[in-house]
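Chains: A, B, C, D and E, in written order; residue numbering restarts at 1 for each.
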């Protein structure tokens, strides 16, 4: 074959979610420079963090650029419209960096009715799920001595609705493990005042806080909590404190905040493309850009590993059915761990479309120079990933 | 007790909204100019302060003093060379120009500062609080509220005690007749926008100290600011403060029932006030 | 050279032409009256002189300088003040503030100050803190005149200052004219009340449909001539 | 003495013939154009319809609304509700979208018509936010997460199978073609309908109200009712368009469906750049907007920066839009509405 | 029976009372003239009768129906037509279209049904040559004629004319008088505000004098004109 295989890649490169895509260029250049990468052409589109735009560029990639396969990353706001479009267009798509529930359930017609949920034919996803983050968070909390009273801030968006879902979210698991959850309801993003939540948490004497707010909202919440004298022992927060800048924005109030860790330079994985270790990849990024490593780096890299692996196993890259079958058959040891659509750890309805990657828990520790370091403090679900310390109370 | 706390927190939040709105109120009141870029100008002010803080290593409050004259000149020039050319009975040209300005500004900031969310360096005051009986009030919100009141007192002094203030009001009433009195409406408008941008800078300081900001965060707050101005009554600065407080309190009360209604409650309060008083709480006698 | 002259002055509102080549002159210390039916263009003429409507520079000369293209505020700054038709007080300002606005940006002193204006119209001193628009029509007219005087103008343009006022009030207002002239201003008075115009003016211009149709001293004009100039030639 | 009235001009006759030809070509487009073109045309046509309705509101009715996203979003959500919850066929659910928009337009009008000018503008914006926040609580349609149209529903849509067979295309392409044809019909009906309105006595009354409301009332024009009719009509049309757009996107979320930027700001941009208060303006505007987007959209923030600056520049250079500039220079009107009285004492020599 | 009656109608703008306890009746088919100094409140009175302004107190009856609070549009439909003192044409519409708006909406008829009527009115008001000119381009006199023509197009039972003869040459004035007499002869009740007295007196049957918003005289034109008060107040001439 003389023509190169065409990959479409969509991610939020501008707009409020742009931080997720900081490493895109670095990863893609690395991919194209690799041996396997030389067979590919990657057409990159920016969703501008806007779901309308994400769907539009997906269509453009499919129709005008006639891509063979779509890759899409970062938050349900981008992955879902792109995956929906590909599914309708019958183009294979691999997505990542969104917990699988908002990805899978969020694309169902009626998310409230599990009976109506249907698997996808062309849409595949690898990441962890809420059950992982719940188990990681509770494992971290179990390291501490608390009253097991948890306050939750879940926004009314893809992530928040999934985390707070009474069937698949936090509430049933916490209940089962003997935690008492105070969930005041889904607030809108960019809320300026959290005193209602803080009052409710104080009233419930919550010693733990969890949630999945966007960064500005978490800053508002955390600052107000301190001002109003609410000082939990643990705060395990998804999304908002993913990036070091967001934690730095909290000043010294970010110390010992905990979060889920999906990838770090200490993860014992390496690239199937280049053989690089996680530490090599992170170091390469820092060297090329002068920026601190972030978690999406590993997953965006893995997305391209997937592309190379899948396309290496097909006869005709232009045949969507064959490509989809090849994706489904993937058994890849990647930069983010093993990716296989074998249904392991998943309910039957999602087994065909989702592959789970390992998740551990970490804590941000304030360094002497004022910067923050993410230390893995819990690996009970994935002992192969080494810890760097023990869970500490926020003092 | 929780209810009292809820209302007080709402009032303090209202101070923030009033601060966002005060500059808008000035411009809207004097020129009937609907400035859709107001929120983005606040964000720009926050970046300016951040830049001064990081480059010169000074405190944000000191940076504010440097940023204010810069922003004044910017506002002056903006009005004089751009916005003045769009004033008239038709509200569309200013609407489109300020919308254009809004997206241009957002994306210029994005190019320069990237999408990463930023914050002015927090200090001891950020999380400090004072205890009032069982209620704990943040020093920063109190400071914000006090600044809003001060800004409004200051603007009122300017408006009702100085020659410039007289000229503002006269030009606002009737620019043509004002020009017959030797007033240059174009310059008066430019000065008004300049002053509005000084207030914008103060609002920017608190925006940046309070929480994270990024280039896209402006428009979300713009609507509250407009609501505060409109329910306060065109041209009434105290009305703007009252408007901000109404929205703030409605939000916290709504949230106390359920956070799902928090923002909705603010908007509904706005609609209710306008339903009862279509010209706002403290309308001018004329217009 | 006259203090103020217009040369072939024209004016348009959109597509509509309101003035067709108007020439008038005003000498130092003179009072001229402009009369004419509704819509004749009197107000338009005043607005053109005052700079609200712009023209070619040469269309209006003041003190020998072409000023037709200058904006109102610059013309005002050179000493041409106007009492606009319909008073046009600033509703947001009190009586005193309305008067003070007349001095905006000017440090130059002259005969007219708050005190001398209050002496001219004593009732205003009592009402100084009321909103300008809460006054009766006559009092409002006094404020409008006082506001123009506060700038100590050399030329005062008065547009229908008796409009809508009771005869006694009109008398009061016109009683102030000698004092205004004595303080050194030349006046252009627009009037529909012919008798009033005749009584106060040194010279009279009559307008119809945007043109000057008659001019002369009051004594030289017969009632018939004025009537014709006012409503068109009699059959 | 007999008089006749006509609105046609030689130019308009040529324009009508060209328009008819253009319409035929557009209708036949799916037979020879690729899917990319069809989709671009779908985008152009739907934005054009939104622009025409906003123009009807602001340009003819004097109602400057910045809350049109309420009707787009409502129409779209009604479509999803109709399909997912009540099992309607997507094509018929489009109508439901229009009706839903109409239903919320009534209370909106009741409220917003108490406000004027800038207050009206902000009022409609706030109402749109209220609708967005309320819809975001609609848990069965995904709340703030949003939801997707089930593939089974779109696949079995009316006419799709027939198009698949006749044109020999895949199902996804057939759906695009159907959506395109629906958009074409909607756009033609919108332009035709608005043109018809403007040429009717009610259009005359709208123009009169715009020129001088007080005088219009004095000759028996019901200015309030005219405005209400215009408001409700454009809500209905905007709702239909919203439903159609989201039928084609197949995925919805409150933030996307109620986006003030996408559904009002860009529409405002299109109308004002093209020329407000004319039918030609939005057509020209949408072409410019599309051209800009195709040329620059891959430049991310530079694209939006350019768009913003362009809005400012055109407003300063041509306050009445580009079509305003053109028709001022050339006297060209493709959709003439001026009635010319002929005959009687207006014999040609005197005309 | 009187077609129009006003009972103690008052109107003020802020502190300024512009219409002060006005009471009078106009019998069906009569032509009434109104005179008074500038600012006496004549135009305001018209605005109150047509509904462009709403009275602060008092009642206005038209054809026995209380219309005090109804809208300008309703009153037009009921049969009250008016011209504005300062012409208010629809500037972007042509002269013919100006009439068309009035005829189709004032009478709730279709365009075709009123075409000949409009053309006829244009002929009678000598505006036919300007039929296709945008009203914004008319001269003042033409605008005043358009005011009259547009008012007639609504086919009013009561026609209110506000200073339509000002500034006409004598010949033009005579032709205008002819037109108004014509309209009157068809049974239309007319109220006419005019400063051009000889025009007014040659048409009207009664004269009403307004000063400071009050009716200070109502009766036979000759008697009214002869009164010393009117001569002094109105003509500003010391007699």
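In the analysis below, contacts are C-beta pairs under 8 Å (C-beta built on N, C-alpha and C of every residue); 3 or more make two chains touch, one makes a residue touch a chain.
In this text the structure is predicted, and so the values were computed from the model without any measurement.
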| item | value |
| --- | --- |
| Set of chains adjacent to chain D and to chain E | none |
| Maximum centroid distance from chain E, chain identifier (CA atoms) | A |
| Rounded Å distance, chain A centre to chain B centre (Cα mean) | 36 |
| Chain B and chain D, separation of their C-alpha mean positions in angstrom | 34 |
| Whole-Å gap between the CA centroids of chain A and chain E | 77 |
| Where chain A touches two or more other chains at once, by residue number | 14, 156, 186, 188 |
| Two or more partner chains touched - positions in chain B | 107, 110, 260, 263 |
| Residue list for chain C, restricted to those that touch at least two other chains | 133 |
| Which pairs of chains touch, using the document's own definition | A-B, A-D, B-C, B-D, C-E, D-E |
| Parts of chain B lying in touch with chain C, wherever the complex brings them together | 163, 166-167, 169-170, 172-174, 176-184, 235, 284-286 |
| Chain E residues within the chain D interface of the complex | 50-52, 71-73, 76-77, 81-82, 84, 88-94, 96-98, 100-102, 104-108, 110-111, 115-116, 119, 123, 128-129, 131-132, 150-151, 153-154 |
| Interfacial residue positions of chain D with respect to chain E in the complex | 1-3, 5, 201, 204-205, 207-208, 210-212, 214-223, 338-341, 344-346, 350-351 |
| Contact footprint of chain C on chain E as seen in their complex | 14-16, 37-39, 85-86, 91, 134, 136-141, 143, 163, 166-174, 195-196, 212, 233, 236-238 |
| Contacting residues of chain A [partner chain D, same complex] | 13-14, 45-46, 48, 50-52, 55-56, 59-60, 63-64, 76-77, 80-81, 84-85, 87-90, 102, 106-113, 116, 118, 155-158, 160-162, 186, 188 |
